Structure formats: C-alpha cells, structure tokens
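You will see two complexes here that share chain A, one where it goes with chain B and one where it goes with chain C.
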Partner chain A sequence: MEIIIDGKKAAVQEGETILQAARRNGIDIPTLCYSDALPGITSCRICMVEVKENGVTKRVASCAYPVHEGMEVTTDNETIRRTRNVLLNLYSARVPHNKDIKALKEKYDVPEIKRLQVNKGETHLAENCVLCGLCVKACEEMGTNAISTVFRGAEKKVGTPFDEPSDSCIGCGACASVCPTEAIQMTQENGVRTIWDKTFELIQCKECGKYFATAQEIAYVKQKIGNDMDMALCEKCKQKGNAAKFKEALKAELDI
Partner chain B sequence: MAKILMIHPDKCASCRNCELACSFAHEGVFNPNKSRVHALVWERLGLGVPLMCMHCDDAPCAGVCPTGALHRDEEANGVLWDKNKCIGCKLCVSACPFGNASYDNETKQVIKCDLCGGDPQCVRICPNQAIEYKEANEGVMAKKAMYAEKFKKVFEEVE
Partner chain C sequence: MDLSQVKQETLAIASSYKPERRFILAILQDVQRKYNYLPKESLVIVAEYVGVELTKVYSVATFYKALSLKPKGENIIKVCDGTACHVKGSMNLIQEVKDILGIEPGETSEDGKFSLETVGCVGACGLAPVVVINDEYHGNLTPASLREIINRYRGGENHGK
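Here is the complex of A and B:
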C-alpha cells in the first residue's frame, strides 16, 4: 500500500498508524504521550498532521489515525505549525521550567505567544507533569494499577488513591521510566527506594550485598512466571554462581 | 536452518576479548560492564567460562515482560529485546534465573545478548572457538545434549 507523506510516496503497511509509517520512512513527527509499547493514548496532540482523503482535508492525531490507500499527509505546514505552537505554549504555561518542553520548543522554533504566558517566577515552580497519562497506562500494563489521574479541570493530576502510599505499587519505576517530561521522581539511597510517597526496603544480595530489588517486584516475578526459584542473588552473583558450577564441573573433568 | 550459540568452557583461554568485542559492537566503547557476554575467570586454575543469554525456548524474561518487548523471535532463533516496546520495569533482570540480563540506567536499556543480528562478534573475536555459532543440525544438537548431560551430572554432584 502506498500513501503520500510530505509530497513523497511512502510504502506503508495496512493497519499501521500515520506516525508509525512516517517514522519508518524517516520522517520526524514530535510526540509526548506516544510509546510503541503503550499506543493509543492520544492525549498530547503534539503529533497532529493534516490528512487529505476523499476530497476532505482534516487535522488528525497521527499516533492513532490508521493509514488508508491513497491518502495525502502533510506533517509541516502553516496550520500544523500554528497548532503545535499553541499546544507547546500551553504546555509551557503549565510547566515553565521543564527542560523537555523547552527542548521541543527550541527544536520546532516555537514563538512565545503573549496571551499564553504565565509569571514564571511564581507559578508551578515544581510542576513537570503535562498530564499525558503515559505513566498511568504503563502501570495499567504492568497489571498493578497503582496510579491514575485524579480530580478534574485545573485540579487534575496523577496520583495514588487518596494520595496515600499505594498497596499495589511494586516500586518498579516503569511510570518514571516512560514519563516524557521526567515528572516522576524515584530515589534510591542506602537500600531504600522511594516513589509515589511509598518507601521500599530493598532486598540485599546474599553474596555481594548489593541492593537489587523490592520484595514486591520479586513476588510479582514469581507469581507471573509461576516458579519458586531462589531470588536472593543479584544478577551478577547469579551469573557468578552459574560460572562456578561450570568451573567445578571442568575441574572434576580435567582432574585439577 | 536456525543457528544456536554454543559455549565450550574447556576451550576458553580467559582472554576476555569477547567482552570487549561485544561492548564495542553495541555501545562503541571497550567496557566489560556493558558487554552482553561475560567470561568469568579462575586464573590459578587456568579456567574461564564465557556466559551469555541462553535464548531459552521458554524464557522467563519474556514471560514476565508486560509489553512483549522481550520476545522469542523464531527467525533469529533467539530471545530479542525491542527498545521501542520497553517501559523500563526491569523485571526481566530479576526473572532471568542465570543472571544473563542487566539494565543500564544511563542509556535506559536492557543489556542482553541479541545475537548481533546473526553475526555474533564474540564468536568472531574468540581465538579458540570457545564460543561458536552453529547450525542447529542433528550432530550439533546431539553434541549439545551430550555436554548438557555431562554437566548436569557434575552439577548434581556439586550441589
């Protein structure tokens, strides 16, 4: 199947989205809330493109819109730039000090829109979250469902139930890892990991003493792969132990 | 025919060039910490054991992965990691019973053998063929089974 992206013919596969097709063909479309692992959130709207099909021109979110035979896609024109500029100015008003939003603004030459400016000195000093919901989806995918968006309107935020440490959080940090604006803080110090106000005493490797995982992570792994293997060792010591077995076997074989 | 990686600890000369070749091929640096293969060495005995991902048929890392980033690839006949699908939960590292996967916080990636797309660099650099990449034909599989049986016996004695 073929479509036209930015005036050039591009070979695409049935069922994929415009974004996937464009990226595979080396055409850059910016995104915040998109991840191949967690598609279909479509909240950030940064990936808007213009689509012309059946004589109709419309703007769509390229991360969710499937390709159709013969469609014409424009990823960069006056309308798209205007949309992107407004969006990034709005994000910037919410998280004025976030470096990822700043970098996007710089990359796409986004001018400051006067009516969307905030007093950067006073408001939202520590805010880095753009409420895209990628972290929530990641937690859902893990099957833990520890976080969700809470409240509506200006109060909306991502949090655990009643802002209390969640029972279901296993401390894996997938939410922090997928966050496009580094808004989720996970700290680890002296054998204690903290995330979403929950502290986890990390398990120490029986051999080398390295803190390597939370008890909840180990329980999750055991439950998911359904075996009862010994998980008291960090990955390095597990490997060392295996090698040592080979060594003993060789020693016996070579009689040394 | 599908190929498999085979290790021969009895042939390993403990030079650890495989680690350098691996980290250079993947990360562009000579850093054994970033290598997918590790040769564990007992210098006094003159023994070395090269270890990397076993590409298990029923891989626990793929079993625990919530997004299918780690998956069994039939074409490559191995367990591969898809960077774009990884959400960084790092549970594969805990799930691997052999400790053959690790996570690099710096580059946000799972460090695990990917068979170099069919041309393993550790195999190329190894001077003694202690690591081989061979067609999984009957002869090779029989040899592998023989090795496994032999080691299994000694493993049991050790434990």
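Here is the complex of A and C:
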C-alpha cells in the first residue's frame, strides 16, 4: 500500500498507524503519550497531523489513525504548527520547568503565547506531570494496577489509592521508565529502591553484582509465567549468556 | 462505626449487582447513600467484589463529585455556582456560608451539622442565585436570607430529610 507523507510517496503496511509509517520512513512526528509497547492512549495530541482523504481534510492523532490507501498526510503546515504551539504552551503553563517540554518547545520553535501564560505561584513549579496517562497504562499492562489517575479537573493527578503505599505495587519502575516528562520519582540507593512511597529491596545479579530488580518483581514474573527458572541475572548478563549459548550452538551446527 | 459491620453492609449492597466492573459506580452510589460518604473499607470490598484492583475503584470514587471519601455533615449545603448563579453573585453566598460556619467548600463543620459544597448548575436558573440544602431548593437568595435559612437548620429543623 502506498500513501503520501509530506509530498513524498511512502510504502506502508495495512493496519499500521500514520505515526508508525512516518517514523519508519524517517519522518519525525513528536509524541508524549506514545510508546511502541503501549500504543493508543491518544491523550497528549502532540502528534496531530493533517490528513486528506476522499476529498476531506482533517486533523487526526497520528498515533492512532490507521493508514488508508491513497491518503495524503501533512506533518508540518500552518494548521499543525498552530495546534502544536497551543498545546506546548498549555503544557508549559502546567509544568513550567520541565526540561522535556522545554526541549520540545525549542525543537519546534514554539513562540510564547501570551494569553496562555499563567502564574500559579511557587508551589506549582515542581510539577512535571502532564497527565498523559502512559504510566497508568504501563502499570495496567504489567497487570499490577497500582496507580490510576485520581480526582479530576485541576486536582487530577496520578497516584496510588489514598496516596498510601500500594499493596499491588511491585516496584518494577515501568511507570517511571515510560514517563515522557520524568515526573515519577524513583530513587535507588544501597540496594533499596523507593517509588510511590514504598521501599523495595533490590536483588543483585549473580554474575556482575548489579542491583537489577526487586524481589517482588521477580516473584511476580515467576508466578505469571508459571515456572521456576533462574532469574538472578541482570539483562546484560542474560544477553551475554544467551549469546555464548548461541555461539556454541552455531559452532556445533557448522562443525557438522 | 464497626469495621466488620461496614464490610458486611457494603457486601450486601454490592451483592444486589452482578460482580462486574461496569457496576462500580452504581454500587458506590448506593454505599454513598447509606453512609453519606465512602468508607475506605467499602472501597476495598467493592474492588474485591467486582474483581478489580483497589486503584480502579479509588479512581472512580475520586472522579465524581457526588461521591465523597470524607464523612459528610447532617445537612448538605450545595451552593450553585453555575453560570446564572455565578453572575447573580453566588460567590457572596459561598462567602456567607464560610463566615457563618468557618468551612471551605468540600469541608464539614466541626459539630458535624453542615457540609458545604459548590455545584455547577442545579437546573433552576430562574431562581438564581440558588442554594440546595438536603435536596430542598432555596432561590433568589441574599447573604442575609441565606443566614436566616441556615439558622433554621441549625435549630434542628431538617427540611427535606
């Protein structure tokens, strides 16, 4: 299938989104709430593009809109720039000191829009969360469901029930690692990880000694996949081990 | 309140619905009606009953203004702050209640007699500014007439209850 992105023909696959097609073809579209592993949240709207199909021109969220034969996509024109400028000004009003939003504003040369400037006072300055919901989705997909968006309107935030350490949290840190604005605090010190006001003891890799996972995380995964395999290796050492095994196997294969 | 009693009563309320996620709100509304707020233990029971994690129930419970996690007073004063009432000076009424009872919107007075809430339009714009106390409507109010009404409730008159 073929579509046109920014005037150029691009080969696309049925079922993929405009964003996936564009990125595969080397065209940059910014996102906040999008992750390849957790697509389809469509809350941040930073990825808006203009689509022309069947004679109709409209703005869509490229991270969710599927490609169709013959569609024309524009990722950068006056309309899209205006949309992006307003959005980034609004985000910036919410998280004035966040470096990721600042970087996006710089990258896309976003002008300050005066009517969207607010001064909410000192307490507000530490805020980094843009409420995109990616962390909640990550926690859901892990199957742990420790955090949700709670309250609404101006008080809306991401949190655990009653702002207390959650029984369901396994300290995996998936929420912090997907967060596009580094809003979730996770500290790691002397083999202890603290996240969402809960502390976890970390397990050391038996090869390299690196603290790599919480005990709860490993127990959870074991229970989920239903076997008792050895999980005391960090990601790197596991890869090393697998590579060595693969090498052996390949050698044996070639010797025959 | 006895803990195990709350648990039992909540379970009894929940049991009138199928244990499905879509009934979370309906169950919470019934629990709210019974206790005038949602006890923490109730949320835990509801989560167990419908088979979701507590965080999902908590998310619903905090989203709706009709649901409260804090115990409410005997009389609930809802000051309408919809467009019409706002224009007609609802902020003066809110200030008046604050002055009389010393509570902010969302709070309950120390004697447990009154809770103050602001709501966005109660559908009686012709009577603006409107205050609803225990589902009884009071329209065309001034701070002085509101003070009189609140004093009546203070005297033990529980209209609409």
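Quick note on the criterion: the second predicted complex is superposed on the first by the 213 of 256 C-alpha atoms of A that agree within 3 Å, B and C clash if a C-alpha of one lies under 4 Å from a C-alpha of the other, contacts with A are read in each partner's own complex, and residues count from 1 in each chain.
Keep in mind that, in the parts below, a residue touches a chain if its C-beta (ideal position, glycine included) is under 8 Å from a C-beta of that chain, and two chains touch if they have at least 3 such contacts.
Bear in mind that the values here come from a model prediction, so they are computed numbers and not experimental data.
One of chain B and chain C touches more residues of chain A, and that partner is B. Legend: residue contacts after superposition of the two complexes on their common chain; A:160 is shown touching chain C, with no touch to chain B.
In the superposition on chain A, A:210 makes contact with neither chain B nor chain C. When the two complexes are overlaid on their common chain A, residue A:168 makes contact with chain C while staying clear of chain B.
Touch criterion not met for A:68: it reaches neither chain B nor chain C. Using the contact criterion defined above for the overlaid structures, shared-chain residue A:148 touches chain C, although it does not reach chain B. Across the two superposed structures, the residue set of chain A contacted by chain B and also by chain C is empty.
Those residues of chain A lying in contact with chain B across their complex are 35-38, 138, 141-143, 172-174, 176-178, 212-213, 217-218, 220-221, 224-225, 227, 229, 231, 233-254, 256. For chain A in complex with chain C, the touching residues are 144-152, 160-162, 166-168.
The touching residues of chain C, when paired with chain A in their complex, are 40, 43, 52-59, 62-63, 69. Note for the complex: chain B touches chain A at residues 9-10, 38, 40, 42, 45, 47, 49, 51, 60, 63-64, 66-67, 69, 82, 84-91, 93-102, 108, 150-151, 154-155, 157-159.
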